[in-house]
Every structure is written in structure tokens, then in C-alpha cells.
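Structures given as C-alpha cells follow.
What follows is subunit A paired twice: with subunit B in the first complex and subunit C in the second.
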Partner chain A sequence: MSLLHALLAIVLRDAKLGWVGGGGAALPAAFFAGASALAPFALGPDPQLLTKIGPGFLWLALALSALVSLERLFQGDLEDGTLDQLALSGIPLTLVVAAKVLGQWLAAGAPLVIISPILALLLQIPPHAIPALMLNLALGGLGLFFIGSIPAALAAGVRRGGLLAALLALPLYAPPVIFGAAAASAAASLGDFGGQPFLLLCAFTLAALATAPPAAAAGLRLHLS
Partner chain B sequence: MTASVSLKDVSLQRGNRLLFEGLSFDAKEGEAVELRGANGSGKSSLLRAIVGLLPIASGAITLSPRSVDDDRLPTAYLGHLDAVKNGETVSAQLQFWATVSGTPGANIAEALDRLGIGGLANLPSSMLSAGQKRRLALARLLVAPQPIWLLDEPAAPLDANGRDVLAGLIASHRRAGGIVIAAIHDPLPGGASQTVDLSALP
Partner chain C sequence: MITALANPQRFMALSRSLLPWLAGLAVALFAIGLPWSLFIAPPDYQQGDAARIMFVHVPAAWMSMAVYMTMAAAAISFLVWGHVVADVAVKTAAPLGAAFTAIALITGSLWGQPMWGTWWVWDARLTSVLVLFFLYLGAMALRGAMDDETKAGKACAILVLVGVINIPIIKFSVDWWNTLHQPASVFRAGGPAIDPSLLWPLLVMALAFTIAFAAMLVVGMRGEILRRRVIALEMRRARG
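After this line comes the complex of A and B, so read on.
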């Protein structure tokens, strides 16, 4: 019970510090909104073209926004000694990592989902597809943040680690982008949840939730010793 | 079970460089150990090794009391980093560490008062000076009590009053049967029961 209490405290603290502590959670949201809002200007105003590539474009913006926020996941905590204290708190480091990633997603990932309906309308995605699209972006974003925690942990403590983390994350991001964009396109044209690609996206996110925290925790231990 | 720390023939290595070898000492309840040594002699590394963040090259470190079903060591570690976040108020910060350490009901206001920063409870941590941040870090020792304290240069940013406060904390911790191991250049505020000089080792 006190373990759950402690984990919840970590989730909420990281979500809060993302906005007030110079955590920079606004940057991914601004990036996502900016890229999606500029897309109609870059691609031309043809509604049919936008409907066709809009969902894929949203996924591209989602993946890059997630990439932008990777560097902040562990770097600050490593530099100011917070990670030492968390590692010594008696909470397994794997659970600490999971709580931190969830907090980061609440700060930097959930806002993307909240503003996505407006961007979907700009990209000529039919309104009836928006609930499915939001679910798609929420689950996909969660998967991207969790799988991204592995490169973030490896690159924390390295100077300009953000670039290294981004390079390491790119190949890990390919599968969810394929599944997620396909599901979003299917949702936009057919109006359901996106069928098989959506199920594959769910499977990817579940696998990331299960495997990323222990791997990232192992990476962090290297930097603590 | 009473608190004790026992090091036997401990050697520490960083990369290919041997920091020291053959370090042995025992500390029983109520004792305070000063770790001395030149810069780079391995004082900070030894503290990190005792709490398990750093592997030792050889030897044995035994800490007690230790419950079998629990991964938690009976230690509280205060490194040279204060782990203070700028975006939070002083009291929210301390409450967070109390909750994470499994003592969410700890008396936050009393701990801040004892460190002389009770009046800063509602200030954002970004307004604190280096000494005040260290006091906040020391307050963690009170809200998440552990029998063995490992302190890395605890007095460095503190003023004269801060050193008195630190001496008081250490004295009451020792009276309660606790152990303090501190890496420090100046004499430990309040005095130590033994001094270990790492520079004297091979």
C-alpha cells in the first residue's frame, strides 16, 4: 500500500514538474501543434489529399514530439542527485522508471491527445473518426514514451545525450509508427478503431510497458555507479 | 537488533585505477566515523559503495540491522548533490521524500523547524541559497529515519549556525543509537568517535 502511495507520488511529481519546474513539457505540445497546423500549408489545400495523409502526418508529429522529450526523462534527476535518492529509497528501480515515464507521458504526451481534435479538423479528418484517433494517439504515445525510456536511460549522463537518445530511439519507433499510422488511416476512412493495425499497436504498447522499465533501469544503474 | 557497520579488507577501484585497498573498520551504535583523505582518495566512492550504488573490488561490507524480506538498506545517504528540485515548494519537496521513503505521515513542519528553515516552508526551492538547500537535504534524514547515516561533506555549504544545527542532529542521532559516517575535510561538527584516513592506505 505504501509502495503504491510512493509510486503515485513519483508519477504526480514528474507530471507537475514537467510544467512548472523547467521540465519543458510545453515544447513537445507546441512542436506537435505547430507541425500539424503547418501541414495544410506545406501540402496544399486539397481536402482529399489531406484526408488521405493527415492521420499519417499526425503520427509523424507524435513520434517526433516524443523524441524531443526523451532527453529530459532522466537527465535532470541524474544531475541533481534525485536519481541517487530514488534508487536508494527501497522502491525497485524498475518501478521508479515506470512511474517516471508515466509522469512524463501525463506532462508531455497527454496534452498532445487533448489538442489532437483541433489538428485533426485542420487535416480534414472526419469528425466521427476523432474519438478513435484520440484513443490511437493516447495508446501509441504511451508506447513511444515507454520504449523511448531505454535510449533515454542509456544516454542520460552523456553530454548532449539527447542526440544519442534520438538516434537510438528511431529504429525502436518504426514499428509503432507503422501500426499506429495504418490504424489511424483506417479509422479516418472506415470510422472504426482501425482493425488489425490497431490491435498490433496495442500489442506493441503492452510489450513496451512490460519490457522497457527493467531495461531502462539497468541502463540507469550504469550511470549511478 | 542494534545498528552496526563493518568493513573488512575493502578495496575500491574506479576504471583501472585502484583508489585504496585493505580498508577495515567497525562502527557500533552511537558512533560517528570521520572519513579523511585528500581529494580523489575515494571518500565519496566509499560512501556510495556502502549504500550499494558502487560495487567494491574486494572485501566485505556488512550493515545491520537488515530485515531478510526487504531490499531496503538501513541507510540514509546524503551525497554532495542535494536532490532539490526548483519547481516545488520546500514543504512539498520534503513531503515527497517522506512519501517515497514509506513514511508519508512524518512531521514535515517539525523537521523544517529543526533545520531552521521552517519559515521557508511555502517558498519555491529555486529561491533557496546553497546552504538552505543543504538544510532541506538534511531534513530528509529526519522525515525518513534510518539508523545509519552516510554524509558526504555535509557541512560544506553551511554557515556557523548551520554547523551547530548539524552537530545537534548528529548528537541526537547518536544518542538514539544511530551511526554516522561522514566524508569531511574539517573536523565533524560535534566531534567523531573515530577517524579513518584513506590517504594513509596503500
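After this line comes the complex of A and C, so read on.
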């Protein structure tokens, strides 16, 4: 029971640290909105074109948002010694990592899901697809944050770690972006939850939840010793 | 044998006597394989002489995978048993693998231009090889960014192993995403679909690439071990 309490405290701490200061939850949401709003400027305002590429572009914006937040995942806690304290606390580092990623997702991933209906309307995605799209972005974002924790851990404490983490994350992000964008497109055109690609996205997210924390913990241990 | 080779001293002694044989064998195989594949083997009945780029393209593509598997095996050996020579192998193999992958991508592009009418298509195989190229670049960049040799080696080994788990997922996702490239025609159930007159030079070239990789790996590893020795000596002298 005390372990669960401790993990919940870590989740809430990371979420709160993300929410307070520096624009809080509005900032990741604004980044997501800004990246999405660039699409019509770059590709033209043609509604039919936007309907076709809108879901894919939202996924691109989601992946970029996740990449941008990777740097902050462990860097701050590594520099000020919080991670050393957490490692000494007796809680398995794998669970600490999972709790931190969940907190990070609450602070920087969930806001994107909340504002996604507005962006969906701006990108001419039919309103009936919005519930499916929100579920898609929520689960997909969780997968992106978890799988991204591996490069974030490896690149923590490295000069220009953010750029390095983005390079390392690119191969890991290819499968979820493929499945997620396909599922979002299917949801927008067919009106269901995205069918097979959505199931594949769920499978990827589950696999990321299971495999990323131990790998990220192994990476973090290098910087702790 | 792995444990015996884990001793850098023994590795240096063994590799010194092995290297001339490896290098000689690689040169001999290329001396047979290159003229055979570029001049003697019959031109393809559809693609003519342009298909000869296959004899470079296909072995390079095989090596891009084989080198990654070599790296992964060395990464496990370093992480589990802490063999330093294995770390040296991971470090040396990464740029070699990236080079083979780049050769596969470039020759594929040169081959694709006359055959498919385009330098690049986002087809499944091309895309997964491109992603593999980024895995190599990531491993090299991660090592380059860290000062501590042991830490960098361990971080790199973890990344390589994460990549190994991900390669099948990437492969599946990209296959599922799009398929235009021809399916595998050598390693498949029911025997090769390629004519023996083309298959044999291809296999010789594949062996030549493999032995050349082994020779370059050994040269690179020897260089890296000597470099680390020099650094250790300089540190000792600096301490006085």
C-alpha cells in the first residue's frame, strides 16, 4: 500500500511540476495548437485537402510535442539530485520511471487531448470523428511518452541531450505514428474507432508500457552512479 | 572462446595473426566476385546490365542487418559480462554498419531511378532500411555525446538492444503501411527464385562483403584498443 502511495505521490509531483510555472498546461497545448495551425499555412486552406491530411497532421504535431517534452522528463531531477533520492528510496527504479512518465503525460500529453476537438474543427475533420480522435490521441500520446522515456533516459545528463533524444526517438516513433495516423484517418473517414490500425496502436502502447520503464531505468542508472 | 577473447591482450595477439588471412581472403573473394558479377554473369533479360548493381546492393542490404545483429550480440556480451572487447566491437561496428546501410540505400536509389522511374519511393523495405540507418546514427551520436567511455558504452549497448526489439515492430508496421518493393527472392520457401547463373556470383559477393566486414572490424577494434591504451598511458603519466 505504501508503495502505491509513493508512486501516486511521484505521479502527482511530476504532473504538478508540469502544471505550475512557465505557462503550465497551457504551454504544451499551445505548442500543439501552433504546430497544427501551421498546416493550413504550409499546405493551403483547401477544405478537402485539410480533411484528408488533417488527422495525419495532428499526429505529426503530437509526435513533435512528445519530442519537445522528452528533454525535461529526467534532466531536471537528475541535475538537482531528486533522482538520486528516488533511487535510494527503495522504490524500484522501473516503477519510479513509469510514475514519472505518467505524471509527464498528465501535464504535457493530456492537455493536447483536451484541446484536440478545436484543432480537429480547424483542420476540417468531421465532428462525428472527434470522440474517436480524442481516444486515439490519448492512447497514442501515452505510447509516445513511454517509448520516448528510453531515449530521454539515455540522453539525460548529456550536452544538448534534447536534440540527441529526438534523434534516438525517431526510429521508435515510426510504428506508433504509422498506426496512429492511419487510425485517425480511418476514424475521420469511416466514423468508427479506427478499426485494425487503432487496435495495433493499442497493442503498441501496451508494449511500450511494459517494456519502456525497465529499459529507461537501466539507462538512468548509468547517470546515477 | 568468448571468454578467451574477452582479454584484450589475447584479442590483440590473435587478431594480429588472423588479420592478414581475413584481408587476403576478402581481396581474393572480391577479385573473383567483382569480375564474375560485373562482366561474366549474363545480363538480366528484362533489366539488362542495370541489374548488375544488385551484386553490390543486395550484399550491402544483407550486411546492414547482419552488422546490427553482430552489434546486438556484442552489446549483450558487454552488458551481461562486462567484456570490454565487446564494447570495442559495438563501437567499431556502428560506423561500418551505417556505411553498409548507406551503400544499400544509395545503390537502391541508383537502381530505382531507371527501373521504377524515381530515386525514392516510400515503400516498406526502403523505409525500414532508412529507419535502420537512423538507428545506427543514433548509436553513434549517443556515444559521441558522452565523455565517460564506460558509461557511453553501456548507454549505447542499451540503445542497440532496444533497437533489436524494435526492428521487427518497425518492419511489421512499415510492411503493413505500404508494399511496393518486390518480395524476398533468395531466402524463401521452395528455393531461390533467382537463376543459378546470377545466384552464385551474388553469394560470392555476399561472402566477400562479410569477410571484408570482419577484416575492417578487426582493424577498427585493434585501433580502438590501442587508442584506449594510449589514453590510459597518458593518464598515468599525467598523474606522475
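Annotations
Note that the second predicted complex is superposed on the first by the 217 of 225 C-alpha atoms of A that agree within 3 Å, B and C clash if a C-alpha of one lies under 4 Å from a C-alpha of the other, contacts with A are read in each partner's own complex, and residues count from 1 in each chain.
The working rule: contacts are C-beta pairs under 8 Å (C-beta built on N, C-alpha and C of every residue); 3 or more make two chains touch, one makes a residue touch a chain.
Remember, it's a predicted structure, so these values are computed and weren't measured experimentally.
Using the contact criterion defined above for the overlaid structures, shared-chain residue A:145 touches neither subunit B nor subunit C, since it reaches no partner. Within the superposed three-chain model, A:172 lies in touch with subunit C and out of touch with subunit B [touch as defined at top]. Of the two partner chains, subunit B is the only one touched by A:86; subunit C is not. By the touch criterion stated above, A:164 is placed in contact with subunit C alone, subunit B being left untouched. In the overlay built on the shared chain, the residue A:9 is in contact with subunit B alone; subunit C does not reach it. In the superposition on chain A, A:31 contacts neither subunit B nor subunit C. In the superposition on chain A, A:204 makes contact with subunit C only, not with subunit B.
Of all the residues in subunit B, the ones that touch subunit A in their complex are 48, 51-55, 70-73, 75, 77, 79-88, 96-97, 99-102, 104, 140. On the side of subunit A, the complex with subunit B involves touching residues 2-3, 5-6, 9-10, 13, 16-17, 20-23, 79-82, 84-92, 224-225. Partner subunit C is touched in their complex by these residues of subunit A: 150-151, 154-155, 158-161, 164, 167-168, 170-172, 174-175, 178-179, 182, 200, 204, 207, 211, 215, 218-219, 222-223. Contact residues of subunit C toward subunit A in the complex are 127, 131-132, 134-135, 137-138, 141-142, 145-146, 151, 154-155, 158-159, 161-163, 165-166, 169-170, 172-174, 176-177.
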